[in-house]
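What follows is a set of notes on a single structure, which appears directly below.
We just call them A, B, C, D, E and F in the order they show up, numbering each chain from 1.
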Amino acid sequence: MKMIRAIIKPFKLDDVKDKLIEAGVSGLTVTEVRGHGRQKGHTELYRGAEYNVDFVPKTEITVVVNADQVDQVVEAIVESARSGKVGDGKIFVTDVEKVVRIRTGETDTDAL
Amino acid sequence: MKKMIAKTATLLSGALLMPAMAFAEEAPKLDSGDTAWMITATALVLLMTLPGLALFYGGMVRKKNVLSICMQTIAIASLMSVLWVVAGYSLAFGEGNAFIGGLGKAFFSGVGYDTLSGTIPETVFATFQMTFAVITPVLIIGAFAERMKFSAVMLFTGIWVLAVYAPICHWVWGGGLFADDGVLDFAGGTVVHINAGVAGLVCALVLGKRIGYPKEPMMPHNLVLTMIGAALLWVGWFGFNAGSELAADGTAGMALLVTQVATAMAVLAWSVAEKMVFGKASLLGACSGAVAGLVAITPASGFVGPIGALAIGAAAGAICFCSVAFMKKAFGYDDSLDAFGVHGVGGMVGAVLTGVFASSTFGGAGLADGVSMASQVFVQIKAIVFTIAYCAAATFVILKVIDMVVGLRVDEEAEREGLDITSHGEQVLG
Amino acid sequence: MKKMIAKTATLLSGALLMPAMAFAEEAPKLDSGDTAWMITATALVLLMTLPGLALFYGGMVRKKNVLSICMQTIAIASLMSVLWVVAGYSLAFGEGNAFIGGLGKAFFSGVGYDTLSGTIPETVFATFQMTFAVITPVLIIGAFAERMKFSAVMLFTGIWVLAVYAPICHWVWGGGLFADDGVLDFAGGTVVHINAGVAGLVCALVLGKRIGYPKEPMMPHNLVLTMIGAALLWVGWFGFNAGSELAADGTAGMALLVTQVATAMAVLAWSVAEKMVFGKASLLGACSGAVAGLVAITPASGFVGPIGALAIGAAAGAICFCSVAFMKKAFGYDDSLDAFGVHGVGGMVGAVLTGVFASSTFGGAGLADGVSMASQVFVQIKAIVFTIAYCAAATFVILKVIDMVVGLRVDEEAEREGLDITSHGEQVLG
Amino acid sequence: MKKMIAKTATLLSGALLMPAMAFAEEAPKLDSGDTAWMITATALVLLMTLPGLALFYGGMVRKKNVLSICMQTIAIASLMSVLWVVAGYSLAFGEGNAFIGGLGKAFFSGVGYDTLSGTIPETVFATFQMTFAVITPVLIIGAFAERMKFSAVMLFTGIWVLAVYAPICHWVWGGGLFADDGVLDFAGGTVVHINAGVAGLVCALVLGKRIGYPKEPMMPHNLVLTMIGAALLWVGWFGFNAGSELAADGTAGMALLVTQVATAMAVLAWSVAEKMVFGKASLLGACSGAVAGLVAITPASGFVGPIGALAIGAAAGAICFCSVAFMKKAFGYDDSLDAFGVHGVGGMVGAVLTGVFASSTFGGAGLADGVSMASQVFVQIKAIVFTIAYCAAATFVILKVIDMVVGLRVDEEAEREGLDITSHGEQVLG
Amino acid sequence: MKMIRAIIKPFKLDDVKDKLIEAGVSGLTVTEVRGHGRQKGHTELYRGAEYNVDFVPKTEITVVVNADQVDQVVEAIVESARSGKVGDGKIFVTDVEKVVRIRTGETDTDAL
Amino acid sequence: MKMIRAIIKPFKLDDVKDKLIEAGVSGLTVTEVRGHGRQKGHTELYRGAEYNVDFVPKTEITVVVNADQVDQVVEAIVESARSGKVGDGKIFVTDVEKVVRIRTGETDTDAL
């Protein structure tokens, strides 16, 4: 099994989720994160004190799937998360050795 | 009742003669009790805007826009106050023609330490009126929230208060157009709420929808703020309504009572309607109901009794609920925070029903001699129509001009990122 | 002092004759100063509930239940207002028997634009009293927070205000049971606070503990809200206490002063106790101390002087701290936000000490001729006991009936997920 | 105007004779209207501190310190109230010498149910003054926020109010030092604002900078709170300024008006300056501008007219903006929330300009006979200099002594983790 | 070493933490996340606008342990996080190549 | 490619970010987390109810780099995040099989 972590623009979350479910994903987990990259942040000014906030709000989606689904899922994310502007985000794929469903104790593919 | 004092009251006879008027007809001298109440009332009405409306609206937007709502509120409030000194007060209450007052009182000339207006200092009357001129444009924010340029907001409200608010205020309270019609508008249902509601609707239509509306979720980010705002509106409204008597007397007392009763009833009406239609009564609904009730009782507050208040509250709660839950969806405009749905619609409900429940049949103060309920309702409707027509047309023209000069909307990226950072360089953390 | 005006004051003699009473004995006519103050006082007392109590309690619950507290507050406030018009005012203040008033004033019949109550319009008196009937049931929320069904909350408070609050109010201020006993309850220590506190304790016992209590952490989610609430309670309480004089005079002035002094002293007492026992003085402690002080000075406010205020404040702060920190743990009930620990206990401390510090020995206004401190204290305790007995029994019965009809508690899953979403379909984001 | 009533007004002649003084010269009796207003004004001034200042400052600190600000506010407010009863009122307003009052009124001895002060109960006067003694030390918090030990805060403010506030209050209003100079300080520009601002600056210098200042980001965590605070300060300030007339009359009315006008103008001035210098107008700027305007109009409020108010507001907004944006950076001290930058600087601007715009040339109430504008300005500056000198020296000594006894600053780890948890054992969640 | 990431119901956190410490875990990191899966979300209604919120609040626990402890730790989590109802969550195990303790610079097993 | 996850003290974030950029990292993602370890939490007291909060606020930095950059990046983090006191945090390195840049569809090293 593989874990796919995608950092996307927050307002794209709904679209990506819908596409993933269409692509047969049964579950996913979402984290609010902040990103630093090519997309620039903004400046905040408080009574003359200037702060450069160079992190922008991003949403991270984590989804674990069978190895054979990876390409399809990555494809689904790329399609639905793309706006074409800098800051659209990245996808990272890593290996997962074991999955357990807490409720039933089922493991691996059964647990997804 | 403002106009009665302001122009030594000649228009309403018999049943509507209140103690305050008796005072007004003797050579009036300063009454410390009335003055005490009116200074307090002025503070209460300012409380409605700052922080009342800022919070009521601020809690309903997405977190990225809450500071922009607050900033617009405080900046508009300040601009209106200054413009009121410069010319607004004079245009509304100075000597002039039927359409608008003159500039004789510009820069408050002639308003000194011992000038009286009825039994209170004119400074107090003028400041009390100032708080009305402050809140009205702020109400409109609800319609264009989350997408209008800050410079355009300031330009628009600055022009609007002089070109739309001041004349309509003059018609109703300053001795203008409606002076001889016997229109009943105790505390500003027409001048403030219908006026702001209609201007809001025009703004919503001219600006267009927010990006993503209605597909993307645009949930109120913090209804605790909205509740605080609604509560402060409620409490402050005692100043608005009972203060409009310009004295601490029996009419002010009744205005206090009916304001409380109508508002409470409207909360229950909205909540019950919501429970029946959607299965749950919500805090946002209760707060919206409260404001709807407050709006609707405004024109009626010195004219009706507790029974009338129950009826007006129930009607306002139920009708505004429908307008917000169904009408907006049906027509598809994006009145972001329902400035029209609550203030416009609630104002009309109240203005019409004032004509009904002011009658002594329903325990009201009674209609003028020889005026039937039907004819009073007709007069009320006429005033509504005039107000809508003028307000809508003038608001439209002002917006179009500003659109050409500086543009009305922020760009797409700024709207996505939120106005707090893009327009004001600050945000709420954590 | 309400009862004195309300029934033309025959019971207290000599030392307690205040200017307001002098007025009351002449053919009273409307005083604009008194009216100005009482309209303001009414606004202040409403501010205590909306948004005061909503925030005070709302900040102490877990985030998932904050909107439910706010919604319960506004919905109860509205229901009480309407019920007060329908029958409550009449049951409390109308002509009746020793136990309860009649229905002669139902729907405020006979309360018109120029009806007076002492030197103020009766509309103002009735609305002022309405705000007391509003706040009392809202205080009880603190005991059943985070687990009671919304429908049950509305049913319970609606029945309770008519069946428990109205009669007790009638006993103390409406010419009922205690009318000839000389009970000293200036602004409602017994009627409002002991009453609400005891009802709260019964609720806590009948409903049972919250799931996970006391093992799971149930920290207050936002004490800034609690601080705002406590501050608004404090400020609004000037209306509650000084307003209970029903006039702007020397007694009102003293009520203002002692309210401030006792509250400040109670904050210090609670904070010092907390520092000594637990090592740190907390904001929640300071806020709780403030409310404890306000509660305790309530019955005493028009009867004691600054020295009495310092003593009552110190006692209330220290004793309520102990009740909340130790007693609750010892007995193991879950009075979620300490409605009983602060209002019940604080109310009793105040009611008893009023009998002591009203004495002119301590700079108070003085006890009635021939009444010793001991006998006054006895009278005070008698009133407390009666109130507790009736309130506890009636509250228990009402709850049991409601439990059978609609059920009192939400189901486990709803309690876990939080009432905001499950009962009202909304939540606080971010 | 307080001093005029407090010492039966002998110093200002002619142009400054107001209605209140006319009353004061007859055998004064209680006026229910004046009393109504002054009880309300007292409530309004307390509202400025609780929750006004707590929120204004609380929103500007980092989230980990917000509860400590709230706790300091409520604890200081309580301590000051009790100390005012014990000795403060007597030291400020009791019979004494030119430097300080005596102890004749300690524990409010002689202040009873029917003692009058002018046309209002002395209890009301004393409580009104108490709220001034409460707010002044709380203003200083802004300078030492986020790093001072709670015990040191309590010790410092407790000593300071008796050793610094009470004497200066005595000089200006209690018949002391400045009594015969004709210093114009209507509502406390010198006593309250310059005093607090200077004390704040000394605190900032003695305590040193916060760890990480100015490198690490120290953004205001929630400007919605700051907006609520600023709004409540604004509304409550009507009590502060118009209440300082101690009557509900024409001067109170003008104080109301000019307070509103100057504040609004200062908001616009600060916002425009900010827009021009930094490119964006911010909510924090608008709120700061409001407070700057309120501070500056304070000494002037019963002496100037609307034109003066516009000028003072504009000057205060622009000058305080510069002081906060440039001066602090230039000198490098860490006045965390700009207690000096806004209250100190704004107070001086107002005190000096009062000397200018009180002149009838600018529509003010007029200077005393034979006093030229230049000489009045000189008198104003003299009072400022005296106040600064005494306040700075005394504050410095008090701080140094406390530093030796208990220490002023929390340790580094506590400062990093935040005072909420480390000093008070609680925090804001979610 | 292995990284174990468990998505659990928020109110179970304390129980799970206690069990983990019992099982000899020396440190763990917790993140607030939102999950989408079999457990349905809820509906929110604002003035007639209906939103289906189909993410539920979850808590993610990350704990890195030696490879030989994995089974025991997974077991501990399953036991303590189970309520038996849908939405109890999942456990993912991945490989960790290197661990460093920042304070001391110790690496791998020493750093845990 | 490797994913480096570092749990650090929140106030060190700015320093670490600067050091990482110096070290040639082009992007990074930050998550607010809570940690439990050797560093003790604190006690909160509400009206006599005592709660031991044994999680402390931490910041997690995730950065994906080419395998050859790992040591340098780890070094940069250790240097800039160290305060020498308990609770400075940990660094975990895991393998990443695939990286995609959403905007362009570029993969692996090109996507970083």
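Note that in this section a contact is a pair of C-beta atoms (placed from the backbone, for glycine too) under 8 Å apart; a residue touches a chain by one contact, two chains touch by 3 or more.
Keep in mind the model is a prediction, meaning the values are calculated, not measured.
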*If we look at chain A and chain F, which chains touch each of them?*
D, E
*Looking at chain C with chain D, do both copies bring the same residues to the contact (over half shared) or different ones?*
different
_Suppose each chain is reduced to the average of its Cα coordinates; what separation in Å results between chain A and chain B?_
46
*For chain A and chain C, what's the span in angstrom between their mean Cα positions?*
52
*Roughly how far is chain B from chain D, going centre to centre by Cα mean, in whole Å?*
33
*Hunt down the residues of chain C that sit against at least two other chains at once, touch-wise.*
31-34, 36-37, 40, 217, 219-220, 228, 248, 278, 280, 282, 284, 425-426
*asked:* If I count partner chains per residue in chain E, which residues reach a count of at least 2?
replied: 31, 44-46, 94-95
*Taking all chains into account, which pairs touch?*
A-B, A-D, A-E, A-F, B-C, B-D, B-E, C-D, C-E, C-F, D-F, E-F
*Spell out the residues on chain D that touch chain B in their complex, using ranges where they run on.*
18-19, 31-34, 36-37, 40, 44, 63, 219-224, 227-228, 230-232, 234-235, 238-239, 242, 247-254, 256-257, 260-261, 263-265, 267-268, 271, 278-284, 286-287, 290, 305-307, 310, 363, 365
_Touching residues of chain F toward chain D in the complex: what are they?_
11, 14, 42-46
*Using the touch rule from the top, collect the residues of chain B that touch chain E in their complex.*
214, 217-220, 278, 280, 282, 284-285, 288, 324-326, 328-329, 338
*Which of the residues in chain F end up touching chain E in this complex?*
2, 6-8, 31-38, 54-55, 58, 60, 70, 74, 77-78, 81-95
*Quick one: in the complex, what on chain A touches chain E?*
3, 17, 26-31, 62, 64, 94-103, 105, 111
